[in-house]
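By written order: A, B, C and D. Residues from 1 in each chain.
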Amino acid sequence: MGMVGGSLEAFIGAVHRRGAMLDGEIELVCGAFSSDPGKSKATGEALYLPADRVYGSYEAMIEREKALPEGQRMDFVTIVTPNFMHFPPARMALRNGFHVVSDKPATLNSEEARELKKIVEKTGLIYVLTHNYTAYPMVKEMKYLIKTGDIGDIRKVIVEYPQGWLFDLLEATGQKQADWRTDPVRNGAAGGVGDIGTHAENLAEYVTGLKIKELLADLTIFVPGRRLDDDANMLLRFEGGAKGILHDSQIAHGEENDLNIRVYGSKGGLKWRQLDPNTLVRTDQVKGQTIIRTGVNAKSPGAAAHTRQPAGHPEGYVETFASIYRNFAMALRARMNDKAALGAATGGLGQENASGTAYDSEVYDFPTIDDGLRGMLFIDTVLESSGNGAVWTKFKQ
Amino acid sequence: MGMVGGSLEAFIGAVHRRGAMLDGEIELVCGAFSSDPGKSKATGEALYLPADRVYGSYEAMIEREKALPEGQRMDFVTIVTPNFMHFPPARMALRNGFHVVSDKPATLNSEEARELKKIVEKTGLIYVLTHNYTAYPMVKEMKYLIKTGDIGDIRKVIVEYPQGWLFDLLEATGQKQADWRTDPVRNGAAGGVGDIGTHAENLAEYVTGLKIKELLADLTIFVPGRRLDDDANMLLRFEGGAKGILHDSQIAHGEENDLNIRVYGSKGGLKWRQLDPNTLVRTDQVKGQTIIRTGVNAKSPGAAAHTRQPAGHPEGYVETFASIYRNFAMALRARMNDKAALGAATGGLGQENASGTAYDSEVYDFPTIDDGLRGMLFIDTVLESSGNGAVWTKFKQ
Amino acid sequence: MGMVGGSLEAFIGAVHRRGAMLDGEIELVCGAFSSDPGKSKATGEALYLPADRVYGSYEAMIEREKALPEGQRMDFVTIVTPNFMHFPPARMALRNGFHVVSDKPATLNSEEARELKKIVEKTGLIYVLTHNYTAYPMVKEMKYLIKTGDIGDIRKVIVEYPQGWLFDLLEATGQKQADWRTDPVRNGAAGGVGDIGTHAENLAEYVTGLKIKELLADLTIFVPGRRLDDDANMLLRFEGGAKGILHDSQIAHGEENDLNIRVYGSKGGLKWRQLDPNTLVRTDQVKGQTIIRTGVNAKSPGAAAHTRQPAGHPEGYVETFASIYRNFAMALRARMNDKAALGAATGGLGQENASGTAYDSEVYDFPTIDDGLRGMLFIDTVLESSGNGAVWTKFKQ
Amino acid sequence: MGMVGGSLEAFIGAVHRRGAMLDGEIELVCGAFSSDPGKSKATGEALYLPADRVYGSYEAMIEREKALPEGQRMDFVTIVTPNFMHFPPARMALRNGFHVVSDKPATLNSEEARELKKIVEKTGLIYVLTHNYTAYPMVKEMKYLIKTGDIGDIRKVIVEYPQGWLFDLLEATGQKQADWRTDPVRNGAAGGVGDIGTHAENLAEYVTGLKIKELLADLTIFVPGRRLDDDANMLLRFEGGAKGILHDSQIAHGEENDLNIRVYGSKGGLKWRQLDPNTLVRTDQVKGQTIIRTGVNAKSPGAAAHTRQPAGHPEGYVETFASIYRNFAMALRARMNDKAALGAATGGLGQENASGTAYDSEVYDFPTIDDGLRGMLFIDTVLESSGNGAVWTKFKQ
């Protein structure tokens, strides 16, 4: 793995490194950690990389790694830069034969995403988008229960993503995250909608298996002086007649990161909260509520494959990244026809999933460029709807 | 108190009787419990009423009670019939000099509500609408904290009222509640919106002190064969710039009666759930969450006045009706200039509120015909918005 | 109903009055509310009693009520005085032919309790002890599930009653409750153990149907200057081999009134908390946790008979008193052979229990002098154990 | 790191490997993963170790690694075998100059523990015991708040560790964990007490800073045919006068792994549950409850140093092992006087703790052989107490 971005003070770089290493399948071998060469060098040292594998730019990294012999050079590029810097290294990596793992969003806008999709399809390389929240075991379980008809036909979906960290003009204090995330140039045209609204959209479509057909979005900038939306309320209409609500906020004062979803069907309902990720609630008008827990009474192969500990040993955020990296590693090996190694891929560290030795892309799934493009089209649709005064707008294609 | 409706098998009649009696201030002296004379008689007997105070119709009750000497006749009429039968007895009672307590909604439509408001204003009598959820102590606390600036300027309001009891065509089984509540003639033109959406609207405006300026509503009938909306998703815009979401559902499979509200302001947030009514959560990005509880750390006079037990002794639904009846009784006495009796009014049963001997209409408030009319206009606005394809619609005046 | 004690400022008097009236079966007709005649008079007035039914002492009340013609005089006496004043009026009332409802504990010590039991047995009158916590619907459900074998053989019982209100020397401030409850003369020889430990003991034996065989108690006075125990830790051994833990505290800083119980058997477990009384959790190693709720998926006749509202309408503390009074009223009527009235007894107010028209003393049960004596023997056993240095001690007989 | 035990199917081996690798400070370089050479080899392959660093026995590993040049040989030994096999490799490793990280318990009995302590002291090497639960950030916070007087003088401690996995004779089915954990020879003389009771004891003494002075334990074997205790109820007396309850169970049907602790002092209380590890509840009789959360309002350097993600990104079990390994790595470097590297040690992966560049053994603490010996003495004390009929017994020295 070669990393683009992720210098010492970046939050998401460390998350990716920890996630990639957790299952022992992936090794960091090189990086271009910052556009500031000094920072890049310091990060490389802190990470015990040899000096000659720490690069001053992603271009240099891709070019020089490509020149190394196979087996020695990096196998893929991981991109953990701010949004505007996702597309260029992804494109270059793919063009030079490297698989790509990219933090979300895939690109700065839908045009770039479309182009990236074409490149991925043309090169046949693997492109992974770390839409991590769908990698929680109980999200896999939720998807499975819905798919197998457990709650009947879907009627209503409520998905929320409230945060409170931008309740005042944090960007004015120079806080790094707030600074670039509220800047249209580096973040893209959507603020909260791009950062967290897309997670909500992705989660809703992932668990239900339904596509949003049209939506209506009312975006607001509540904090004076801010340049991008910090709050969004939306109504959704899904293919097949289900309806929904999606709202995200960065000004929900005192909310941490409370992504949650409720889905009601003709035979029951399911509820999940990211802050209590190992619990899934099955609601039922007649039978009452049942608590589904990782390692206890979850039934799906997907939940089993994404659970590393026995019941009662909390798993969290870092494991979602680990699962995406692990699934990517398994897909890579499967592609190499190295079926024998697949058992080892999980068996080495996770006794829970040791049984599932055969690679099953439905069980060991991960988000791709399709999710990336979908997210960008969601943003386009939302911005158009809100820009027109919050009117119903067909989901862009 | 003379009761219209509320025969033995009715749910809401018993709630009103228990609520009225809980504080020992009000006595049931007569009733017209059913349009079926046999049922009315049986109910009267079960309630130990003398036979001559059990009437076959509300008209008979009002006429004959009016003829009784003061001190012996009923002081006011309580109306607990299905919706279409709220307006006629209310009008007749007021015209004959009786105060009125009415279950919600006030009337079947906004025209009737307007007329009722005129009569109330003309007669100067007291009209109480039992919008009971705002009588919970922690709702009083929430209103107080918002009013006194504790969470700053209101930005976002999320109010939800999910139920699941109509997840299938219950009305086809002859279940009484489902039968009339899904019948446009007896229930009014709005289904779930009229029954529970109005509670959500009332709660949101009550706690924030803000009026909804315009809204957009997407109503659905999910259960084939049903005649009225069983699900509603709405976006709200309040006076002053706050925005919001309101959704109600009768098909949220497995949800009991989960009315809840979250309000986020520039300085903090507040969250309350009817299913855990003695708890109010104060959110804060810096200080974290504080749990406010009845009898522990609630600060408002309103919470104190509506709490009957010491901390840790759960209070619930019946107390909300009791509080409305008690507040009405106090207002009645205050009007009679019987100030001396006011202490007794609460002192007899509630040590908690014994201190607040002086009647303060802000503390001992109750919903009136204004709330009733507001609710009917809300329904009109929602139906117009949804009927036009879910478009933004100004709140009707 | 004639009340002994319960003047305006007393907490428990109002609870009893509200509970007695809630179902419309019982009327307060007279009282001796205080040993201070002025207070008694003021209370009577506040409660709208005629002056000649307000007495200066319980002796006067019993004597003069007895002299009134049947149908006019009180049917029973309710005793809501501090502990030392429970026994004398109970004894006198029974000796004069009045049934008795008494707040707990039954008496000041086990000798009095034994004597009271003899009088009750001799007179054949009904004696009701308001050990109210066992009247919650979910406690009835828990008892039923255990009795019908749902969780198999009982192995472990954990019952807790933490409060924090006496974390400092509140009695030194003159606070009335703290004053008499920490006074050995008026409260009895056990402090927290007598006040709340007995509730825990009663609850544990009630739900499991098992008797404590022996126990070991470590009592402490944590607050300097206090005269009675404010904390107790106990180990329990039940008949049949189950083991348990009971602890109560009045110095658990910040705990409201958190009575709770967990019972684990060979086939599952059950958990209940008084602060969330309408919920019962069924634990299972294989099936996971199921949430049992009043009005949703509770199965027992007892839960149904003690539930007044449909699902999702919280019921609480006052309803537990109401249920005991209602059950007592039904027993009284059953005794009068007035079977016809029994349906009315519940049908008048509670649609939920209207079905159960026939009186069933297992379903409509209430605590009696046996529970009262058991509680006093529990206290004796605990004090002996702790006094001997916290050693195993057989439950007194 | 060289690992003893931890073949593919072992639960705890994978936990240690993931924990050790999470922060990028430690590398697995060799192992003796099983007494079965085939299993050891297969594990080594799955973990991508060169064949010549996979050994057939710990003796071979220690001897041959010792012979390797410094910089190439392992730095320390990690022991993740069943209990009876903790002491021999630990002793041999220390005697040969290797630091040791050992899964708990340190040894099979207190004699071995005493001997190990002597060896550790004599060699001056670092010995780490992975009593992992005290490495949660909110446990650090709890310890800090208690130490700095936030809740005043400690009065009452309740610590619980209920599990349900041994509710029936699982060991009879050949399940590996159940098999050796219920076998006195391989597990030691205490069953549940040794496995989980020691965690409870360790947690209670860790957060309070108080030592248990004497205790009384009532142990039970509930499942017929079992050879070791599967349930324990204890009363505790601490130095300085605090009292407590400790209970553990493996037959609490339906409980996952619910380690939890409550501590009440003269000025407030604190509550923590392992199943919701990022939350700490501060109780207060006057101010009510405050929710303390990682990354939000936790105040202690220890919580900060053990938190890897921003607020709202759940962290769990694997991070506790990671923290112990990371702290050990930092201590190792500090000892090497490699102060410069210390910042890097945490800065590389965790932006949260990047501020704390200087090594502070109070902040970056870990359990040692003292905790190990204490745990064995706890077991001795418990067994003696219970063996004598559950009597008060001084904590062994």
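Simple rule for what comes next: a contact is a pair of C-beta atoms (placed from the backbone, for glycine too) under 8 Å apart; a residue touches a chain by one contact, two chains touch by 3 or more.
Please read these numbers as outputs of a predicted model, since none were measured by experiment.
**Q** Just to be sure I understand: going only through chains that touch, what's the smallest number of steps from chain B to chain D?
**A** Minimum step count, chain B to chain D: 1.
**Q** Measuring between mean CA coordinates, which chain is farthest from chain D?
**A** B
**Q** Nearest whole angstrom, what separates the Cα centre of chain A from the Cα centre of chain C?
**A** The separation of the two C-alpha centroids amounts to 55 Å.
**Q** Nearest whole angstrom, what separates the Cα centre of chain A from the Cα centre of chain D?
**A** The computed centroid separation for chain A versus chain D comes out at 33 Å.
**Q** Distance from the CA centroid of chain C to that of chain D, rounded to the nearest Å?
**A** Chain centroid spacing, chain C to chain D, equals 44 Å.
**Q** Quick one: which residues in chain B touch 2 or more of the other chains?
**A** Correct list: 165, 255, 285, 288-289, 293, 296.
**Q** Spell out the residues on chain A that touch chain B in their complex, using ranges where they run on.
**A** Per the stated touch rule, the residues are 151, 155-156, 158, 162, 164-165, 167-168, 216, 218, 220, 222, 231, 233, 235, 237, 243-245, 247, 249, 251-255, 262, 264-269, 282-285, 288-289, 389-392.
**Q** Please name which positions on chain B make contact with chain D in the complex.
**A** Those in contact with chain D are residues 285-293, 296-297.
**Q** Hey, which residues of chain D end up touching chain A in the complex?
**A** Spelled out, the residues of chain D in touch with chain A are 8-11, 14-15, 17-18, 21-24, 28, 43, 45-48, 163, 165, 255-258, 274-277, 293, 295-296, 308-319, 343-344, 347-351, 354.
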